[in-house]
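Take a look at the structures listed below.
Here subunit A shows up in two complexes: once beside subunit B, once beside subunit C.
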Partner chain A sequence: MRKMLLAVLSRVLQGPAAAAGRTASRVMVASRNYADFATEATFEIKKCDLHRLEEGPSTTVVMTREEGLHYYKTMQTIRRMELKSDQLYKQKIIRGFCHLYDGQEACCVGLEVAIKPTDHVITAYRAHGFTYARGVPVREILAELTGRKGGCVKGKGGSMHMYTKNFYGGNGIVGAQVPLGAGIALACKYFGKNEVCLTLYGDGAANQGQIFETYNMAALWKLPCIFICENNRYGMGTSVERAAASTDYYKRGDFIPGLRASTTPAFFEGGWKWGDGPILMELQTYRYHGHSMSDPGISYRTREEIQEVRSKSDPITLLKDRMVNNNLASIEELKEIDVAVRKEIEEAAQFATTDPEPPLEELGNHIYSNEPPFEVRGPNQWIRYKSVS
Partner chain B sequence: LPRAAPRPCPAAGVSQVTVRDALNQALDEELERDERVFLLGEEVAQYDGAYKISRGLWKKYGDKRVIDTPISEMGFTGIAVGAAMAGLRPVCEFMTFNFSMQAIDQVINSAAKTCYMSAGSIAVPIVFRGPNGASAGVAAQHSQCFAAWYGHCPGLKVVSPWSSEDAKGLLKASVRDDNPVVMLENELLYGVPFEMSEQAQSKDFVVPIGKAKIERQGTHVTLVSHSRPVGHCLEAAAVLAKEGVECEVINLRTIRPMDIETVEASVVKTNHLVTVEGGWPQFGVGAEICARIMEGSAFNYLDAPAVRVTGADVPMPYAKILEDNCLPQVKDIIFAVKKTLNI
Partner chain C sequence: GQTQKMNLFQSITSALDNALAKDPTAVVFGEDVAFGGVFRCTVGLRDKYGKDRVFNTPLCEQGIVGFGIGVAVAGATAIAEIQFADYIFPAFDQIVNEAAKYRYRSGDLFNCGNLTIRAPWGCVGHGALYHSQSPEAFFAHCPGIKIVIPRSPLQAKGLLLSCIEDKNPCIFFEPKILYRAAVEQVPVEPYNIPLSQAEVLQTGSDVTLVAWGTQVHVIKEVAAMAQEKLGVSCEVIDLRTILPWDTDTVCKSVVKTGRLLISHEAPLTGGFASEISSTVQ
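Take a look at the complex of A and B:
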């Protein structure tokens, strides 16, 4: 049995700074030797709300300098990648649906650090952050968004259907990914390799019937399925109060133990282990963009609300402040990371806008797996495409 | 002829085997052959299967390989599809395909389309199976034929067995296929015995998906059908033979990908085509066959328009006299043949 580290998701979740009252002390020095930095710092964080759990994560968390830099760089990369996608969409270089994740970066970064590459992740359509966290390079994500052959799935999937090893998308039908995730967990249990599946859904999907069917079977069969509700307060344009009779999403699994985390570091060790069955975690987060690119995001919420979250609870800003205040990094160092990230995103965007579209022959491919080539009908009986697996 | 005993069956030569036993043998053999194969569905384990198709399998293979699910089609179908994405080879039973409608999003959007959307990186080796179409007196909500609905969708394979050989061979082929396969069985056929050759009873006997079978050679008219109506076609052919009309009866076996070449070759020979199915006429299997024949080389060989025999275009009523007249009967097939041949 292995101990589950629901750690870091926590590390960087946004919310009111736990260290409220501590002012940011900006002591500028001419030059700084990296040996001057602390190797780690300890933080006190807000207790998680618990459901059917005796003990929650520890409220004392330690973060090393390396960890902090890694989280910072990863979140910043996702942030800038999403903002670049916004730009490309407005230039009509990205088409169709585009659901951006900026504001929620802490969730995917924190979760990825808490699991292993051999664990499994499945989420819904707001998936670019997870796609990156699971290992797909920015250029392949952007090229998939722009529908080019260098996209991670050759332009066949688009924004909502990106995949990589142990990452099952990117799913367009609200809630459908939840039973799929439990099925992946069933396979984990079947193969006996101590792997888990993180099965993510939003506050909007949380009212889907198939999720409750899945809770039942996951609990009955003790599947190693970690249900994660990313509650960003709005299902498309409907606020949680208007959609759910109970907005305590961490309790909605009823017989499934749950916890709700909203602030930074929560480190859960020992309370849950592989073999116990499912657990449900609600992450309180926020998206800056509207539901998708066609939603300005201000008809159902105020600009003031968005601005308040940005100024008080931005995960990247909070992390930066924490690191600087605790001598884990300098402002200059973080600025250098910002510059490097911008450069990476620019290069990726350059690739994504210049790479050719997939050849027409690709149209018929991958209908089936492991199948001898066959012909697929086009728009009329004389147009045929070859289909290879 | 003596009925074959359930496996192990050392039959030397031909035996009579019911469709139920043939399916049971197929499941047993595939569970034994590949430990990634497992069966899930309502009542498949301790009840031995609602229609006893999985009789004895839970006793033999246990809880891990044969799983009883709660009544949660959308949930357990999604779970089965997810398990397939992660490397298992589930056989997901719908007690009848009418209930698959509750889960149809998982069959189409999660199973059928994923290989394509992922540019081939995620395979979904799953079989969805169960009884399809009309039974006897189960009324409208329990009698629908889904061949046209599932046959419509790229990414799926759809098979529809008639005989025991079809049932066993196609189920084994479906389990071994790396793609989502919908297998449309027929409840009224489960208890019907068919001859099975020694070869057909062997552990490695598979019927290739995508290939039709000519059940009866003929020269005057081509009858194309799938599932239970294949039997009615053969009965009609026997009656017509006495009047000197020789029907060629084609058992499609697979709805998608459809073996239209076999139908075309037959129409080139007979010059007349009658399709027969249990499902509703509009947008049905017969409609697709007629469209494809028109588009292909066989059109020029037709001496009369192709004709369809189908279920009546109504929800299935309960009273026996009404139900009987909602499905193609032997007399309806004979009538259509004679109309086509103008006799």
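Take a look at the complex of A and C:
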């Protein structure tokens, strides 16, 4: 029997977070008369589907105005950042592979709010949103995409390999990050610091063998590992019905309790209390772009479907509506946030396009960790790079 | 017979088309092959041969190859696609421990010779860590399988059909940068190019140049430049089959010229060039 107190899963935000002890974030807005606005609003949200859990998160959530504004700004920043990346890619300033996260912002924002900065996150290659949520400034993300030395990984990682403190990427091989996540969780347990590891993967990866090996290890050793399946309905070009014998990804952990949330308008957060062992969460979401920039995204789904999700379930629009309808913010205020976000993205893009590339001497660095630097052969035997670490 | 202008991926489609037509037990499967594949190698095959012969697998390389071995052992011709050679590693155990050793360990009672694994291979300019690898050296260390790498559409179709018909499990790496870039007149009808035979593209007397896949085109240019600028006559050899490789042709050539240069995309240490050079010595 598992004794788990779960966080509230909220359609818009926030739950009774007495245990969380988060600090509220500040949003820069022009000063105005706040007496007009409510300080918080209560929302009813849809119940989660549960697997091996007696009760799920509460269906009543409370969101404060400040939290709403924070979520709005963060999601809008990620949205605009992804759209800017799209633009830069089409201008061939970003090369290589680029997997965009727009449409799924609610997942990373909600998850980040739920955990502490000392908790750990690992995800797959659709990682720009998480990179931002974990604290990397937009300019460093865009500079990493354009391969400049101001990027968060010095320009050597690119779109799929972005890292920062307590954020382990950014991993290209599908499913390979899940056992890593369990390992991080084991280290958390071993060091006894009460930290958790969010281990994310997609609906396509959910059919990889190593995921099931990881479920077993995590449950056997009761690791503080939260498995999260971001189900955006398509594994690259294959819809979930055609890839999975069971599309109830939250049940795939079998002996691991699971829950499913429709997260496109949803965030969730909370103070997790660990009873024993891992838990699996499936977030139902949607991506507007194709799998990557070379995928138009319409050969396996219709434009109408994309349009429908955009008009009915867009997380940013839904948040905006709820905030305005419940008098938590005004349209003008949110518009001002939009303007500020656009400006931030523009400046970041400017930095990303003008920052110099890493110097060629650094090409061979960090292959090994070694005492004396050694030489690495370049494209021909007369070109050598020094490998320093 | 009749030929048609085809690029590399079209020649692969043509080969698969021929194979599916000739062999009623042949099946093509892999990630996203149904709509045509991420490199369009399987376009039109599902419509022509039906969804029980051309079908998608879920995202699980180990499962794809393991499943392919099973199909082959049961007697059907399995043509599996691994979406990028970089992703073949979860299937490494299945290939090396299961496929390669099946015939040996069952005393020839069973075999999975009907299995062919195709994978896009090699650098493409923007692939970075996980869309550019050339893992032929890892598999070269494993007796029981064959590894084939074509340099052009004409070669690809013949070699792929030979792999499919070969009674041993084969891995067929397709240079992805050549999918669109290489165009040739390719016969529409099936034809075979023998495996384990290297091809001497150009005879010479001063030095032997050996390569496979995309690099063959590079060394051809090098040979031309060497002739023009240095007056050096180069013998150019396309190895074609990496395992088992044609030691005779290469050694005979080196006996003639006295010098050998091997060029490949894979990392230097432990790359297949080291095997060739040590054998030649």
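Following the convention adopted for this analysis, the second predicted complex is superposed on the first by the 344 of 389 C-alpha atoms of A that agree within 3 Å, B and C clash if a C-alpha of one lies under 4 Å from a C-alpha of the other, contacts with A are read in each partner's own complex, and residues count from 1 in each chain.
Going forward, a residue touches a chain if its C-beta (ideal position, glycine included) is under 8 Å from a C-beta of that chain, and two chains touch if they have at least 3 such contacts.
Just so you know, these numbers come straight off a predicted model, no measurement behind them.
In the superposition on chain A, A:307 makes contact with neither subunit B nor subunit C. In the superposition on chain A, A:207 contacts subunit C only, with no contact to subunit B.
When the two complexes are overlaid on their common chain A, residue A:172 makes contact with subunit B and with subunit C alike. When the two complexes are overlaid on their common chain A, residue A:374 makes contact with subunit B while staying clear of subunit C. With both structures placed on the common chain, the touch criterion links A:87 to neither subunit B nor subunit C. Of the two partner chains, subunit C is the only one touched by A:236; subunit B is not. When the shared chain is aligned, subunit B comes close enough to touch A:120, but subunit C does not. By the touch criterion defined above, A:365 lies against subunit B but remains apart from subunit C after alignment on the C-alpha atoms of chain A. Touching of subunit A by both subunit B and subunit C, each in its own complex, is seen for residues 161, 172-173, 209-210.
Here subunit A touches subunit C in the complex through residues 95-97, 158, 160-161, 172-175, 204-205, 207-210, 235-238, 242-244, 299-300, 377, going by the rule given at the top.
Every residue of subunit C that touches subunit A in the complex is listed here, in rising order: 31-32, 35, 38, 56, 58-60, 62-63, 86-87, 90, 126-131, 268. Contacts from subunit A toward subunit B in the complex involve residues 120, 122, 153-154, 156-157, 161, 163-164, 168-169, 171-173, 176, 178-188, 190-191, 197, 209-210, 213-214, 216-217, 220-221, 365-371, 374, 376, 381, 389. On subunit B, the positions that touch subunit A within their shared complex are 38, 64, 67, 69-70, 72, 74-88, 105-106, 109-110, 114-125, 154-155, 157, 178-179, 257, 295.
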